[in-house]
Amino acid sequence: MISDFLGPAEWEAVRLSVRVSLVATIASLPLGLFVAYALARWRFPGHGLLNGLVLLPLVLPPVVTGYLLLILFGQQGVVGAWLAETFGIVLAFRWTGAAVAAAVMAFPLLVRALRLAIEAVDPGLEEAAATLGASRWRIFWTVTLPLIWPGLLAGIVLAFAKAMGEFGATITFAAAIPGETLTIPSAIYGALQVPGQDGVVLRLAVLSIVIAMAALAVSEVLARRAARQVAGG
Amino acid sequence: MISDFLGPAEWEAVRLSVRVSLVATIASLPLGLFVAYALARWRFPGHGLLNGLVLLPLVLPPVVTGYLLLILFGQQGVVGAWLAETFGIVLAFRWTGAAVAAAVMAFPLLVRALRLAIEAVDPGLEEAAATLGASRWRIFWTVTLPLIWPGLLAGIVLAFAKAMGEFGATITFAAAIPGETLTIPSAIYGALQVPGQDGVVLRLAVLSIVIAMAALAVSEVLARRAARQVAGG
Amino acid sequence: MTLEVDLRHRLGDFQLEVAFAAPPGVTALYGPSGAGKTSVVNAVAGLLRPDAGRIAVGGEVLFDRAAGIDVPVRARRMGYVFQDGRLFPHLTVRRNLRYGGGAEGFDAVVSLLGIEGLLDRRPARLSGGEKQRVAIGRALLREPRLLLMDEPLASLDARRKAEILPYLDRLAREVRIPILYVSHAMEEVLRLATTLVMIEAGQLTDSGPIAEVLERHPVPGLVAPEGAITVTGTIRSFDARREAEVLTPLGPLWLAMVNGDVGDTAACLIDPRKVVLVRGEAVSSRNAVEVTVDALRMAGREVTVGLKAGEAQFSARMGIERAKPLDLAPGRRLIAILDPQPLLDGLP
Amino acid sequence: MTLEVDLRHRLGDFQLEVAFAAPPGVTALYGPSGAGKTSVVNAVAGLLRPDAGRIAVGGEVLFDRAAGIDVPVRARRMGYVFQDGRLFPHLTVRRNLRYGGGAEGFDAVVSLLGIEGLLDRRPARLSGGEKQRVAIGRALLREPRLLLMDEPLASLDARRKAEILPYLDRLAREVRIPILYVSHAMEEVLRLATTLVMIEAGQLTDSGPIAEVLERHPVPGLVAPEGAITVTGTIRSFDARREAEVLTPLGPLWLAMVNGDVGDTAACLIDPRKVVLVRGEAVSSRNAVEVTVDALRMAGREVTVGLKAGEAQFSARMGIERAKPLDLAPGRRLIAILDPQPLLDGLP
Amino acid sequence: FAAASLKGPLDQAAEAWQAASGHDVQVAYAGSPTLARQIRQGAPADLAILAHPRWMEWLADQGVAGAAEAVPFLSNRLVLIAPGEASAAPLTPETVATLLGPDDRFAIALTDAVPAGIYGRASLEALGLWDSVSDRLLEMENVRAALALVARGEAPLGLVYATDALAEPAVSVVAELPVDSHPAIVYPLAVLAETEAADAFAAYLTGDGRVSFDDAGFLRPGADDL
């Protein structure tokens, strides 16, 4: 399937990887923002627990995370069965599952970057917005969010890069179905198993680097523009 | 070798993992700080390149990173051979190699957290320190570093957690030699290969979670204390 | 609409305990650095939750510890000019100004503050005083029912102050909203305030109509000139330059820069060193009083002359060489030219 | 040691172009908000690199674009009190104060500033004025060869100012270091400054000894009272209360709050509305001058009386009803009581 | 250095030999490609057991000493498995279709990369079953992962080594694939270091040590397999 050229299968892996990574990143943003905000700003019972839980996918070998996902979200899994019954949503062995795996793996990076950024926001500015009649929600959108913009971009890039490179949890939870869950890392893994496929490995690796670097470059440009505005340059 | 109890081999893996992760984290701190500072504060040719390079280990599947490390730092590798000849330093298949692999994999996380924190430091304060006669070096130690303390802690925890969970690059670059490079994730991988070893997997996973959570808790306490001082609370 | 404040709060070693009422018009919060002024303002804004007490505006309770009421900050409808600015760094001046609403009056406020040229800049490119002006504008445009101004003019130049002060003055009079105004500059306080709240080390020293408070505590924060007396009276009229004719026990005195209207009370200070005695027939000053020398006292090279004007008593002090040509003796009739200070001049 | 500044710099639309010299003693940088004062100070501190120009202290060149000299900030040995504080938030007050060195004089500075009780706190727990005092202390303890103070007293109360001003005064005189002092408060400027640099919209308006500059530009930033004249003279003596006897064309006048020493020049303003005319034999004022009525002019309900005192001319103005009892006519001899303002009073 | 799939029995054999000979054995497990690359880069391996001859051939091509003299050490066979207790069934497309159900998938190791997958694909093709599963594959990182899927019931049918099926109680064998339906499965063993201990351990493994592998279900390779 993996040809010696960047054949259709490889292209498919690339397209899939980008889609999975984008979806994983974008879809985990709202929750990531919420969790980061909660961790940074609120004190509540279970604060430490949540904090630890978020970090988990980083500590565990990816395969274990993937296995846990399978146990939870697989068709036989507790949540998975419920999801399938109630909403007809099946994650395991679908590209959505690959996205979930990537999102989970990238989540600690996203949340940490966001949390750092949120903690750096001067609460005095949020107070000022409140005196001007802004609701919490408006304050978040018009003050907090723009001020954490650099952190948000950093988090997005980290998460996207991580999602692009994620392999262990993805293959364990979503397998490597061509066109469905066979992402670049899975393709690379496959190519690595076969002697003499180093060319394919190299091509795919370079491609995924190029994509990640492009994302990085965009984020840098955006972050620099924002910084220039705020700092007065 | 891995018995049904937390046998000596498992303990060895745990001790080794902690040692490797600690060394990886601590040893990469100075370089991480330097790179993060450079990326945050300086404009220089190659800025984008360095930025991308740091992100690489996140994008590439760990196995590829490990393989690249092997090619570079293995005894036959360009750098590895030179290191071995000149300093007698051998990294591949040693615990130091495992530390290097973990450090490389954790580096993007460390640098990003540090960079975000450094960018959030008000340059006005560093200017004030300069008018008070402080050298760049003193400013860094007495103003910048204390002010990025929360980011530093976040970076350390991320790096440590990542190092604890790192598997792909480690096993590829340093193999899984018991007592030398067989870290917890490798041990978990081993146990996963043998059916019926779920108990071992669970025990090891829990152990590594406990260790990472302990590190997280310590960092939270330290960060909160620092935040309280600065914010006046 | 009146603001009523009654609060107790602990901040580290610092204990705040004040109660006062601020009627429409400007209420000055006056007290040395660290007295607790910002803390009071924060409590009114809702940014500091007092340990105990009650805060109400126009009868609406904003905070009542005992009753468990604590209206959220955003619902308090106050315009707060912070001591430390707090402009949104990521928004242009225009969007900072518009943040609290108020397209209405935008142009007027912008031109009052002289920030027309800055509308598209971000705060990082403003000077200190420009930031302060934008912060004032932002609070004004909120259309608040209460203005909180924490040293709003501290880094503005005299000309700019001279433009903004009358505006605030008018605002307080016309819109009839209370303005809580923190300032160290006595000129500003005297120019604007109708009510004065003096606090020191977290405790209320006094509060009430400015003239009465200043009568009880002559020159807050300053040692009054030796032998000075405070004279109070009722405002009878204003002249074209808004100097007030005040009926005092010493006779009618004309005071510059007095707040209030006809019928209100005004106070001034008579410094013996600034009283000029004249042996002669006529003087051109409006603040000349016919007096009789009551007593003479010498101290070093200075003479203090006790004087009587009708029932009222005061004194003049001068160097001995100045007294000689006057040929002073008890019972002698002279003209005294007074320099009544609405407590405005003479402050360092 | 003298500071020489000559710089040109562009900030967005704003063009800065000033050149002046600041001798030992206090040099006030005076100008409206946004004039470029902070930018000048930053350039001297080395925080802003001018597009062109030269900056030198006591002959040592700190910056010279043409010669490619740019002494690093840390080596310039300046104490800078920033307009926006910039205390280190993670350090206690004590460590903030000690950051620039100077164990020497620590206790003296701390007690001057009244911050003994704050030494172990961090800045977040200080009030606005407390922060400002710590910032002053930090700059003083640096043992600088040049002090840069950007509105250092803006949020301090009168009593505290009255304590710190003489200290700065003494510092400037005794240690003989130049102090570059930005302030909008004319009292402060008049109290402290020996040199005045006036800038507006980035351009130098004038600079030089304060009396001379004020003579050329009477009340900077303010419209001088109508018909007011500026009178300059030489200081002959000081009395026990440090009022200065100034020999002027009108005769000797006594001025309060004058900077400088015997022999220096001092200037004051004579506002016609504050001149009191007396028909009589003797007055107790030290600022009384014998005058002859020169001319009379009526405008509305006011009379302006042209007066001659020897060669000098000035005028008095009063309501028409005040003028009547004086029986005014050209040639009549009267006594004029002046209220010469060292440009201190009368500012809004 | 040994293929990860050998972990259970090899640990036992190593322990036994260690006890008997007094030598100290350290076994480093990883996937065959990783091992091969490490050995190529000079890894301190005395002995290598890989899961497929091709990486051993690659090592020989790369000129690694000892690789060319590798001997076939173990063999294995493929089985179809199902979760829980399942009865044996004939190997026909129909049974496969029945067992798979309408929309479930077939768990197998990567069919063009991992040995078990490659062998499996060859076998299924030979048996005419490939077409009934080829578009329903759940290709996994390795055979253990495929096994786990079946054991968890996520896939109703999978293809693994007989050794795996034997070790996992949660699955049962539905059918054994004929040995001649695919290239012989061979685990080659090479002695890479000319040390006495290495030779001795290799001798032990190919001799007395085989028992533990036999117990685990491994087959002894035919003499002509490599």
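Going in written order, the chains are labelled A, B, C, D and E, and every chain counts its residues from 1.
Just so it is clear, a residue touches a chain if its C-beta (ideal position, glycine included) is under 8 Å from a C-beta of that chain, and two chains touch if they have at least 3 such contacts.
Treat the numbers as computed from the prediction; the structure is a model and nothing was measured.
Engineer: Moving only to chains each one touches, count the minimum steps from subunit B until you reach subunit D.
Structural biologist: The distance in steps between these two chains is 1.
Engineer: Show which chains lie in contact with subunit B and also with subunit E.
Structural biologist: Touches both subunit B and subunit E: A.
Engineer: In terms of residue numbering, is the interface formed by subunit A and subunit B classified as same (over half shared) or different (under half shared)?
Structural biologist: Same residues, largely: of all residue numbers at this interface, over half are found in both copies.
Engineer: Taking the mean of the CA coordinates per chain, how far is subunit B from subunit C in Å?
Structural biologist: Chain centres of subunit B and subunit C, defined by C-alpha means, are spaced 61 Å apart.
Engineer: Let me have the rounded angstrom distance from the C-alpha centre of subunit D over to the C-alpha centre of subunit E, please.
Structural biologist: 92
Engineer: Mind checking the centre-to-centre distance between subunit A and subunit B? Centres are C-alpha means, answer in whole Å.
Structural biologist: Once rounded, the distance between the two centres reads 20 Å.
Engineer: Residues of subunit C that contact two or more other chains, please.
Structural biologist: In subunit C, the residues touching two or more other chains are 84, 125.
Engineer: Out of subunit B, which residues touch more than one other chain, so two or more?
Structural biologist: 63, 67, 189, 192, 231
Engineer: Would you mind listing the residues of subunit E that make contact with two or more other chains?
Structural biologist: none
Engineer: For each chain, which other chains does it touch, given as pairs?
Structural biologist: A-B, A-C, A-E, B-D, B-E, C-D
Engineer: What part of subunit E is in contact with subunit B in the complex they form?
Structural biologist: These residues of subunit E touch subunit B: 1, 4-5, 7-8, 11, 14-15, 26-30, 34-35, 37-38, 40-44, 144, 147, 151, 164, 167-169.
Engineer: Quick one: which bits of subunit A touch subunit B in the complex? Just the residue numbers, please.
Structural biologist: Answer in residue numbers: 48, 51-52, 55-56, 58-64, 67, 108-109, 112-113, 115-117, 119-120, 123, 150-151, 154, 157-158, 161-162, 164-165, 167-168, 185, 188-189, 192, 201, 205, 208-209, 212-213, 216-217, 220, 227, 231.
Engineer: Please give the residue numbers of subunit C that touch subunit A in the complex, ascending.
Structural biologist: 45-47, 72-80, 82, 84, 86, 88-91, 99-101, 122-125, 138, 142
Engineer: Would you pull the subunit D residues touching subunit C in the complex into a rising list?
Structural biologist: 11-13, 31-38, 83-84, 117, 121, 125-130, 132-133, 150-151, 154-162, 165, 184-187, 191, 221-222, 275-286, 288, 316, 318-319, 322-323, 325-327, 335, 337, 339, 345-348
Engineer: Any idea which subunit B residues touch subunit D in the complex?
Structural biologist: 122, 124-125, 127-135, 142-143, 146-147, 149, 226, 229-233
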